[in-house]
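Note that chain A is present in both complexes that follow, paired respectively with chain B and with chain C.
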Partner chain A sequence: MNWKRALLTPAIAIPVIGLFAWGMTRDPKYIPSPLPGRQAPAFALEVFAPGEAPFQKAPGEVIRLDSLRGKVVVVNFWASWCLACRDEHQDLSRAAMRYANAPVQFVGISYMDTRPNSLEWIEQMGGQAYPSVDDPRSRTAIDYGLYGVPETFILDVTGRVAHKQTGPITHALLSRIIDSLLAARPATETK
Partner chain B sequence: MSAARHRRPVPAVAIHIALGAALLFFASGSAAAQGDSLRTSPVPGTPVISDSALEARTRSLAVQLRCAVCQGISIQESPSGLAGEMREVVKEMLRAGKTEEEIKAYFVSKYGEWILLEPKPRGFNLLFLYVFPTLVLLGGLAGIGVLVRRWSAAPAPPAA
Partner chain C sequence: MGPLGRGSVLIGLAVTAIAMVLIPVAVRRGRKDWLAIGYAAVHTNLLLMTLAMVAMVIALVSHDFSVGYVAQVGSRATPLLYTVISLWGALEGSILLWGWVLAMYASAVIVINREREGNLVPYAAAVMMGVMLFFAILLAGPANPFHPVFPVPPDGPGPNPLLQNHWLMAVHPPLLYMGYVGMTVPFAFALGAMLAGEVAQDSWMLLVRRWMLVAWAFLGAAIIAGMWWSYEVLGWGGYWAWDPVENASLMPWLTATAYLHSAMVQERRGMLRLWNVNLVVGTFVLTILGTFLTRSGIISSVHAFTTGTIGYFFLTFIALVLVGTLMMVAGNSEQLRTTGRFDSPASRETVFLLNNLLLSAFTLIVLIGTLYPLIAEAVRGVKVSVGEPYFDRMSLPVLTLLLFLMGVGPALPWRRTPEGTLRSRLLVPAAGALAALLFALALGSRQPWALTAFACVGYALTATLREFAIGSAARRRAHGESWPVALGRLVGANPRRHGGYVSHIGVLLVATAIGASGGGRIERETTLQRGDTLRVGSHLVRLKGVFGRQEPQRYVIGATLEVLSRDGATIDTLAPRMNFYPSSDQPVPTPDVRSTLAGDLYANLQTFREDGTSATVKVISEPLVAWIWLGGGVVILGAMIGLFAPRKRAAEEAA
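Here is the complex of A and B:
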């Protein structure tokens, strides 16, 4: 009798405890994105923060994702009210400057924010190397399956989403991914 | 007699037709003005949905979609800005003539099946959300049945 009970109890308890232990390693707020590996959703958004030379764009100019084909594109969703965006801001600007002479384009997309607040934030942070655009009614954010900021999407030269970063991204990670995407470019793309 | 007094009275049917046409004209004008500001424009030939019907269909679909910035509530219940915009996307797509399945497929393509509050019963979902709990329930019921039979079969304690 008792040997049956002695086997039955761990046979039930161990898988249940294992399941709970596995659950503890998961972030319940993390949403796995279906976008990596797929073509990035197109956008055509108006610049409100021009960025700095050599990336400077005139305010009001429209950045179209389609026109950036042939470049590695780093799309960063951010907001002035987002604390974690402060952590990655310098890394993004530094990485943009590092790849200034490479076929790499950084684009900031303002998420649920106002222009005055966004511009003030950029000024407080000591500038932003690359241009930022408005996303009216968050349509591009929804197209990218956004559920918070910061989120960064790195697209390869064909416009495919190669990497999605949820939360702050670092200079080291950006460099590693961009280097690998530049190295993987078809020979015809290399200049 | 003045000319006005000689005018024949306008038939009531004609007044009703004119009023109906005017109402239709203004209604279509305001719908077109709304449509212009939206990203998804109605497909020609799409049946016009009344505002109340559109609201009802938006609500019925919004309760099935999970709020991306909340914990376990639908975009219909959520007061967040993103949920509000997602409801607007649902409404725009319905107005453009998209079916409920097409709208759900759009959100699934962006957020994965996670976005559906009730996951589709297939593959892994079918096994862990439907088959496994059913088996556990049946196992529990069988266990209770066995215990009850044992207890009822046990000899009654001797009378004092």
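Here is the complex of A and C:
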């Protein structure tokens, strides 16, 4: 046994072990999005599901993100074929109703879906409080770097992405973020 | 069943620890009686692990939801087969299986080598018990499958839907564990030889070769079965995606392949001693590394199980193994000096050396590609993923060269080759290369690398078949035997060499099939109304209808596609399905495949109209896919031939 070699050689293992030890502190499934903190990509999309009073918009009317400046905007990507979307559906509609009198706008964007399927789904689920729009050829979904559905983006009054939620969102989380964004509004924005 | 299993695991842990300590002490003190007790402890551990396995299977089959693992993967609606095989459908069960297989190998090593004198086998057994101790600790703590659940749930979620969708799940994991865990035996012999001071002799290497061949064959079979499973289940019509877990199984197989070749150089020429030890221990480290990568959640992969603290246990174990073996190998490196030397570049040992360099390069390419996301995040703080383009581009030249060497190696004798022989032996197979090239051009292949690879396959195949032809012909002349007898006796006289050649033929078949199925793939995706037809290459399919039915554990929606002959008659029906399991929010695609030797027709259901009038289907025509699985079988057949002892000369002459 050559002890000098025996004691020196294991040093090669140190960087490997170090790399793995560091790697254990990371979550490989976490994909950072460049969007939070930046201006949300603009869209102008046609309403196909009108939503309910007081948010009702006529089918065919176009919702422009630019025109929603001054409001907190909740953009939710969903699909009728997505099971996790069922979980969050009630929470979203409830939150929309809760902020009915505040400058908050909810918009559903249908992802990779057909109008009849989407409308049937809304009916099955007992309605959707806010309007949903079509996203032809998924252009907006691509702009937002959608990874899957559901994903929810919460924009502050200046149109900056304040929060990105991958997977179903809850009423509690929505309320907390919307409350903090409303509280942080510049004084001029309040009526 | 919980307490029985838990008890077996805990007593097994104690027994393993006793064996690990007692055996080396017995050897040092020269106490035969203590050694016998140590060996008895190894066998007792096998008994206890078997008890734990039986307890788990009974708990699964009887739906005993008071056992944590059963509550996690069991369900009353799951069919019996899938209930039994859910044993390896999640982390704890797979570790239990690992421990059981390792216990079997440890006992087998002792029993098979009971006649052997010296300290090698006892030390090897002690090393195996050291590895066993690690898995026993996992089973006792972070991966306890017998964790009691209270209150007892009335039913469970059932296994992961992907794992209860195809019978190959009953085959692939056990093969994989037999291969993975089997790599522990050569490692234990290498370490044992160093501990026993026998590493300078080559005799331990001869012992290792057979164990390595067994593990290599199992691992190879497991890789092929895994490819087949992914082809039959995942619905994209492919079989290899360079997923970290696939890479994890490929790397030790590559280094084991390298070892099987370089071991011959050591045996014949006394060279590459240190290199071979490194291949043996490296192969083992790669199996543990692969398990760590895919079980700790450090790298995201389709196979990653949900994990707790187990990653840190694996990390500690890898650190111990790496440091320990590096110390041992470095400390003993002076005894692993080469005694022979290369006489001539045109010799078989040169080809083996090149083969080893290429296989090592391939392993490194795969390792870097697998770890690169981690390295990139550590060094540059960016998330990257390394995909097919990297692996394909990097590995194709290496693979092509390996295929070429397969044709050169058998043609060259050891030490040096006489000038004239060299030319004739290397030139004849060139005709085969030309034929393969023309065949590939006729198939429509135009990519330079693909054509080169085809030519190399043709070259190697001709060279290999020529070996069989020349050998049999010589026997026919000398002994007046018929062709089959001559061939059989030729193989029997040197099963190791000819088994190797058979494996080569298998590899060449797999290479051809992979090249052809990738290059000749035609894919169509379209929405069909009932009665519509779709042409895919030379195939014509027609949508007959969409069906739905409730099965005990799932809801199934499928499309019936008729495969039509030229004159419009139905020759086959395909029923690609989507299986909806209650435990999953995504349907599990279940493609249907019409497989023939010429090629497969692969159908997958993408979406459907609920009224059953139309369906969107993806239909793929892939030539020669079945030859991947068949070629895999030929590789294994070769390994089995290679395990036979050569027929004795005397017996042969008498016959």
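Methods note: the second predicted complex is superposed on the first by the 161 of 191 C-alpha atoms of A that agree within 3 Å, B and C clash if a C-alpha of one lies under 4 Å from a C-alpha of the other, contacts with A are read in each partner's own complex, and residues count from 1 in each chain.
FYI, contacts are C-beta pairs under 8 Å (C-beta built on N, C-alpha and C of every residue); 3 or more make two chains touch, one makes a residue touch a chain.
Computed from a predicted structure; not experimentally measured.
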- Identify the partner contact of A:G127: answer first if only chain B is touched, second if only chain C is, both if each is, neither if none is. neither
- Message: Per the contact definition in the header, classify A:L146: touching chain B only (first), chain C only (second), both, or neither.
- Response: first
- Task: State whether A:P116 touches chain B only (first), chain C only (second), both chains, or neither.
- Result: neither
- Of the two partner chains, chain B (first) and chain C (second), which one does A:R26 touch, if any: first, second, both, or neither? second
- Chain touching more of chain A, residue-wise (chain B, chain C): C
- Message: One more residue to check, A:I17. First (chain B), second (chain C), both or neither?
- Response: second
- Partner chain(s) touched by A:P54 [first = chain B, second = chain C, both, neither]: neither
- Task: For A:S138, decide between first (touching chain B), second (touching chain C), both and neither.
- Result: first
- Contact residues common to both interfaces of chain A (with chain B and with chain C): 28-29, 31-32
- Query: Which residues, counting only chain B, touch chain A once they are in their complex?
  - Reply: 39, 68-69, 71, 81-82, 85-86, 88-89, 108-112, 114
- Please give the residue numbers of chain C that touch chain A in the complex, ascending. 292, 296-300, 311-312, 315, 318-319, 322-323, 326-334, 371, 373-375, 377-378, 383, 585-586, 607
- Message: Give the list of chain A residues in touch with chain C in this complex.
- Response: 1-3, 5-10, 12-13, 16-17, 19-24, 26-29, 31-32, 81-84
- How about chain A: which of its residues touch chain B in the complex? 28-29, 31-35, 41, 112, 137-139, 141-148
